[in-house]
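The following blocks contain the structures, represented as structure tokens.
Here come two complexes built around subunit A, the first alongside subunit B, the second alongside subunit C.
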Partner chain A sequence: MAVLGYLANGLVFSSIIVLGSIGLSLVYSIADFANFAHGDTMTVGAYAALVTFGAVGGLGGAVLGLPYGFFVALAAGIAVAAVAAVATEKLVYEPLDTDSIGLLITSIGIAFVYRGVLQIGFGADFTRFDVQALRPIASLLPYGVRVTLHDVAIVASAVVLVVGLHLLLQYTDLGRKMRAMADNPELARVSGIRTKRVKLWTWVIGAGLAGAGGVFLGLFNQLAPRMGFNLLLVIFAAVILGGIGSVYGAMAGGFLIGMINQLTPLFSDVVEALPIWPGWLEAALESLVSIEYANAIAFVIMVVVLLVRPNGIAGEAAT
Partner chain B sequence: MSQDNTNVADRRTLLKLTGGAGITALGGCLSTTDDGDGSDGSGSDDGDGSDGTGSDDGGDSTDPYEIGMVDSQTGSLSPFGERNQRGVDLALSAVNEVGIDGRELDVIVEDSGSENQSGIAAAQKLVNQDGVPFLIGAVGSGVSLAIYESVVEGTDVVQLSQNSTGLELTEFPGLLRMSPSGLSQANALADLIADDGYDRVALTYVNNDYGQSLTDAFVDAWDGEIAYENSHDQDQQSYSGVVSEMNGSDAEAWLFITYQAEFTTMVNEVYSSGYEAQFYGADSVSGDDVIENTPEGSMDGMRIVVPSAPVEEENYQSFADAFAEEYDRQPTSWAAYAYDCVINAALAIQAADEFTGAALQETVRRVSAPEGEAVTSFEAASEILADGGGPDDVDYQGVSGPIDFDENGDPVGFLQIQEVRDHEYEPVEFTQG
Partner chain C sequence: MSPLGDPRGAPSGLTRSEELVLGVSAAFLLFLLVAMLTGALGPTYFLFLVGLAGMYALLSLGLNAQWGFTGLINFSVAAFFGIGAYGTALMTASGSPIAGGLSPLAGLAVALVAAFALALLIGIPTLRLRADYLAIASLGLAEVVRLIALNERWLTNGSAGVRGIPGFFRGWPVLSTFPDAMPGLRIEVIPGSPVILETAFWQASLNVLLVLAFAGVAYAVLRRAHRSPWGRVLRTIRSDEDLARALGKHTYSFKMQSFVLGSLIMALAGVFYAHLNLYVGPGDLDPITTFYAWVAVILGGSGSNRGALFGGVVIVAIREGTRFLNDVALPIDPAPLRLLLIGVVIVAVMRYRPQGVLPPQRELIWPRAVGGSGTPETPDSGVRERKGGGGDE
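Presenting the complex of A and B:
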């Protein structure tokens, strides 16, 4: 009973993590640095959607408990996050001409800039989208699943975006070029691929997905200038777990980390139910496997997976 | 192969840096709470006189008196910084309208970033470089204590925290504070829940000094059964595990000792999961932001114990009017505490023989102690002092309460029990802490 409920919560939370981690991994594989501003790119998307939603309103009808206007806002969030990332790439990263560590440190600074600008504009307090909050779907309650239509919308939209990305990578010209570039940038350039243009598209896609993740994070929880940054650590864990640079690895990693995070109450039930010997070990495990350490448990599992597969789940396969 | 090695190296670097960023993110022990209030304050620190060369305060100088303030202008407690700044600005204009023996008062504000290390750096700059003898600071209890232990202790400098409510500050008599200790709040909560007829309670608290110490005090005061007790980390994106475990404990009364953002997340998750319970909360979970960002009816009947300014008193009301006129919003208790910090400091300066830490230590408690004539404004208190009165002839009654620091440096706190009705906080009764 309860297991289904935790799995459903995990699925919702994972969807958001997956959207964030894909972009991070994509940018890493092609632009070749770990973008610490990625979390704040999510925040940018969320606030862009907040502003847009406030401006356009509900636009009449609703689907899955969300007014049409919200989907317009979602598109705006994706667009603004992409524009912000491309502008940053053009104005800062590209002219900077430094190695990947230099870019990494720069991106931390960029993260502060994004957050600072949002804080100046919207204040430090949190807020929510002006969407009617929903009660859980009644027909699922008997199974212990307590999700709202909004949660369904989050998962469905994430699936659409992820499948869209998959199709793009596998079946389009741009996708083939991106994969070629991730494999070997020099060879890609020699073969006549315009790497700069591909790189820009990578930024657009990665940041766009992050923007979508930010919007859903705001819908799932709330908007605050620190929202994306607070999630960044978990996203990094997901990306590293999946094998950094691999998009499909990032999907798997994000899914796993999100699930583990939400399944912690279940783990603690299991530990309590299991007859563990000796007694002190059981006591120690019971106090450690507890909801307050949900993130720590996710990280321990990440370390265990990395010990077995040092390059992450999809470490060997490129993109 | 070589490709592989670089990958491993990159991952290592990344892990290191991620860890570093994580530690940074977890820094900043916070502790106080807020009463809600809007968002986009300007937070201008126009207190800075920029001629920060310090204490050239010989007899007849006409330079302003400079005192220091460590505030959370940025970081996780920055909403408090904004609230404090409004209270400080209002207090400064009240003081400087009258003047202190013909001189003005100036507050040099430095940012703590809501974190211990930068709080200490800010205090060191104020004490060592600007040479201020009176330091208002800080917001978070952890930051206040860190400043006291690293900078203030062993010197003559007076430290008065504007917003810290952590219980452990009571153990440091040299560290004064304007906001009441959480101990009285914990006792009041235990009484309240028992009086409402519950003997089992599920409890979750924020995983830091503030949450832990308030929870310990509550558990001490609570006679019934604790069906569930667990902490949660701040700034998480989901607490659905916590609320489902609380629901699983079958307790009808749920007590939340956490901050507004975390509590808002929890209420929304309780609502979207369809759980029902009687909520109770420490003051830190109440605020307009919570009301605005939770669905109508999701917390009806919730009861909260908040440290409260005596809102029925006349001086509070005139403060509230002035505040509303200036900022177009109602003041919070936290702005009132910051206001009283500045007024109390100004009176201590006027009552002291000279502008030094040692002299201010003598007067800071006495100007608001119960001896002397009770006055409710800086102007009235200043008149008594100007007419030759000593520090014991004045009893400043603050807008946040009677102040009256006890031997531990804690003020007499007023508590108010509020209930959520029709999705708004309604005062139910007052108690004195």
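Presenting the complex of A and C:
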């Protein structure tokens, strides 16, 4: 069945979106603005991993079709993205005396700076990680599922990171402080939480996850300076669908948007099969529900959610 | 934002930033004139730049009507620019997949109607949203418009774009033949490097005339609107929407009016661009156009129409300056350098001068209300002189 194949692809793509959307949502709730540089933070992570991987090489053995060196590169990607975000917070956002709209506009400038620097350094062309492309796992092929070991590695790593974040938020001191701050920053500060420090950790975690997402996106597709910016709106759609500020909502939203994105061919099959009357409506739907409009569908869902249920599917639930 | 807040804002003299802008503009104009006379800058290309500056100024004026007046964070500038360009291109171009061959005036009308419809389509759902949601939603909807332009081949010719767009003055009584009728001129200021004015030059000067007309009308309308009671309501909404509502204003309807007004001006910029570039493709709907307009407005000063004009000129300086730099000095690809510069300008303005270079101070008051003469308009004439200077050559 083709359905299983689409679902499997959706799962892989969802993992990347989830990694991006968690960070965006965390920053949205704790730093209190829509960070338009988040997509480009992913790109920064991806290119940092590319450079690191080129420098350290494979380092011998391999897990899930990925050499050890790739995991070093992944760690480097996470670290560089986090450092870039913290530096930006310290140098740009923190000294700014402005409201959340001013920060939003500034973050667009930051996004362009990241992308401009990367593009000057690496050119605008597509590149790939220097890992061997794998064939789809043979035992799954009869079910119509075409995933490689790399895809499995992406999903597994994403699950590890997400579970780690869950443990951090629920069971550590920092997690409790972050949740308190997301809930009510003023109250958090008067109860003695060092909000600046928590904010910095938020940037580290959010940008680190984005960096990981960027590395996986590069592994899943290719690397290009525009890759993060192109994904940014899809990630926003996921965050809004999940409910801004809710990390678990962002996970759910990321999962749903990723799935919907990859299931679009299936939807177009369904639309074709359904007897829709009148004929012009069917024709219009057939042309609009197609792979070219996979992102557009996510954006439209985003606007509808904003209108109908601005708190997202997770509702008012706390972080 | 208070019009009387700045003590230097006395109506008799110029503020320091106004003097600065005037000085920079004059120096820039002088530089361009020298470059042109020595033959380093072709006069036709110079006029093309002036046209482009006018186009960005129009875009910025449109955005200013939305963000500067009412505080609407519209990130779908590129969509309105694109629908203006596509609207006229599809009506007039020989390569149009649907109509084609119509008069550019019909194209202008269709473009404006299409932009009006799109403004309602985007505005009705999004203008009720909180400011930051409006930003995200409008950027998303602009992407939807771009994807439609890219994929609906029967309508827009897809990624190939629309070719064969005529000049705006085709079919007009005198102006359509004006460039061919004008004699070629040869001006030799510096011996050995003559400046030659030919058909292309006259064509370009017609384009400049067109954009000056568009920008002049838009500027006059906006300036009048900004000072009117209507404009005052918009400014109230911008600073405190709840207050405006408490005063009994139907804020949603005011926001919609300012959104539509701005969108129509952006579409005008698109119409001009189509007849300047003679080609329109889906790449013209790239979000970067939106952010060019944003940079121009923020840099010029949100809410300031003169600032928007100034911002338009700066954008062209960045766009063409990077290309020039690449040709002459540093072999850096101009596209990423442009991105970097745009980013740095946004961050620097937000950090060091969030009110912009030419914040709206006396622009908001009727000159006679403070008993002064017409001096507040001096910087405008600075910009106009610069533009007019090219046309007089």
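Assume the second predicted complex is superposed on the first by the 308 of 319 C-alpha atoms of A that agree within 3 Å, B and C clash if a C-alpha of one lies under 4 Å from a C-alpha of the other, contacts with A are read in each partner's own complex, and residues count from 1 in each chain.
The rule is simple: a contact is a pair of C-beta atoms (placed from the backbone, for glycine too) under 8 Å apart; a residue touches a chain by one contact, two chains touch by 3 or more.
Computed from a predicted model, the values in this text were never measured in an experiment.
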item	value
Fit or clash between subunit C and subunit B when superposed on subunit A	clash
Which superposed partner A:A124 touches (first subunit B, second subunit C, both, neither)	both
Partner chain in contact with A:F236 - subunit B first, subunit C second, else both or neither	both
Which superposed partner A:R135 touches (first subunit B, second subunit C, both, neither)	first
Which superposed partner A:S287 touches (first subunit B, second subunit C, both, neither)	second
Partner chain(s) touched by A:T195 [first = subunit B, second = subunit C, both, neither]	neither
More subunit A residues in contact - subunit B or subunit C	B
Contacts of A:T106 with subunit B and subunit C, given as first, second, both or neither	second
Partner chain in contact with A:A34 - subunit B first, subunit C second, else both or neither	both
On subunit A, positions contacted by subunit B and by subunit C	34, 100-101, 104, 108, 119, 123-124, 233, 236-237, 240, 290, 292, 295, 310
Parts of subunit A lying in touch with subunit C, wherever the complex brings them together	33-34, 92, 95-98, 100-102, 104-106, 108-120, 123-124, 225, 233, 236-237, 240, 287, 290, 292-293, 295-296, 299-300, 302-303, 306-307, 310
Subunit A to subunit B touching residues, read off their complex	2, 5-6, 9, 13, 16, 34, 36, 100-101, 104, 108, 119, 121-128, 132-136, 141, 146-148, 150-151, 217, 220-222, 224, 226-227, 229-233, 236-237, 240, 244-245, 261-262, 264-265, 290-292, 294-295, 310-311, 315
In the complex, subunit C residues that touch subunit A	73, 125-126, 128-133, 135-137, 139-141, 143-144, 147-148, 150-152, 291, 294, 298, 332-333, 335-347, 350-351, 354
Interfacial residue positions of subunit B with respect to subunit A in the complex	4, 7-8, 10-11, 13-15, 17-18, 21-22, 25, 38-41, 74, 76, 78-79, 82, 207, 230-233, 235-238, 240-242, 244-245, 248, 260-261, 264-265, 268, 271-274, 289, 292-295, 298
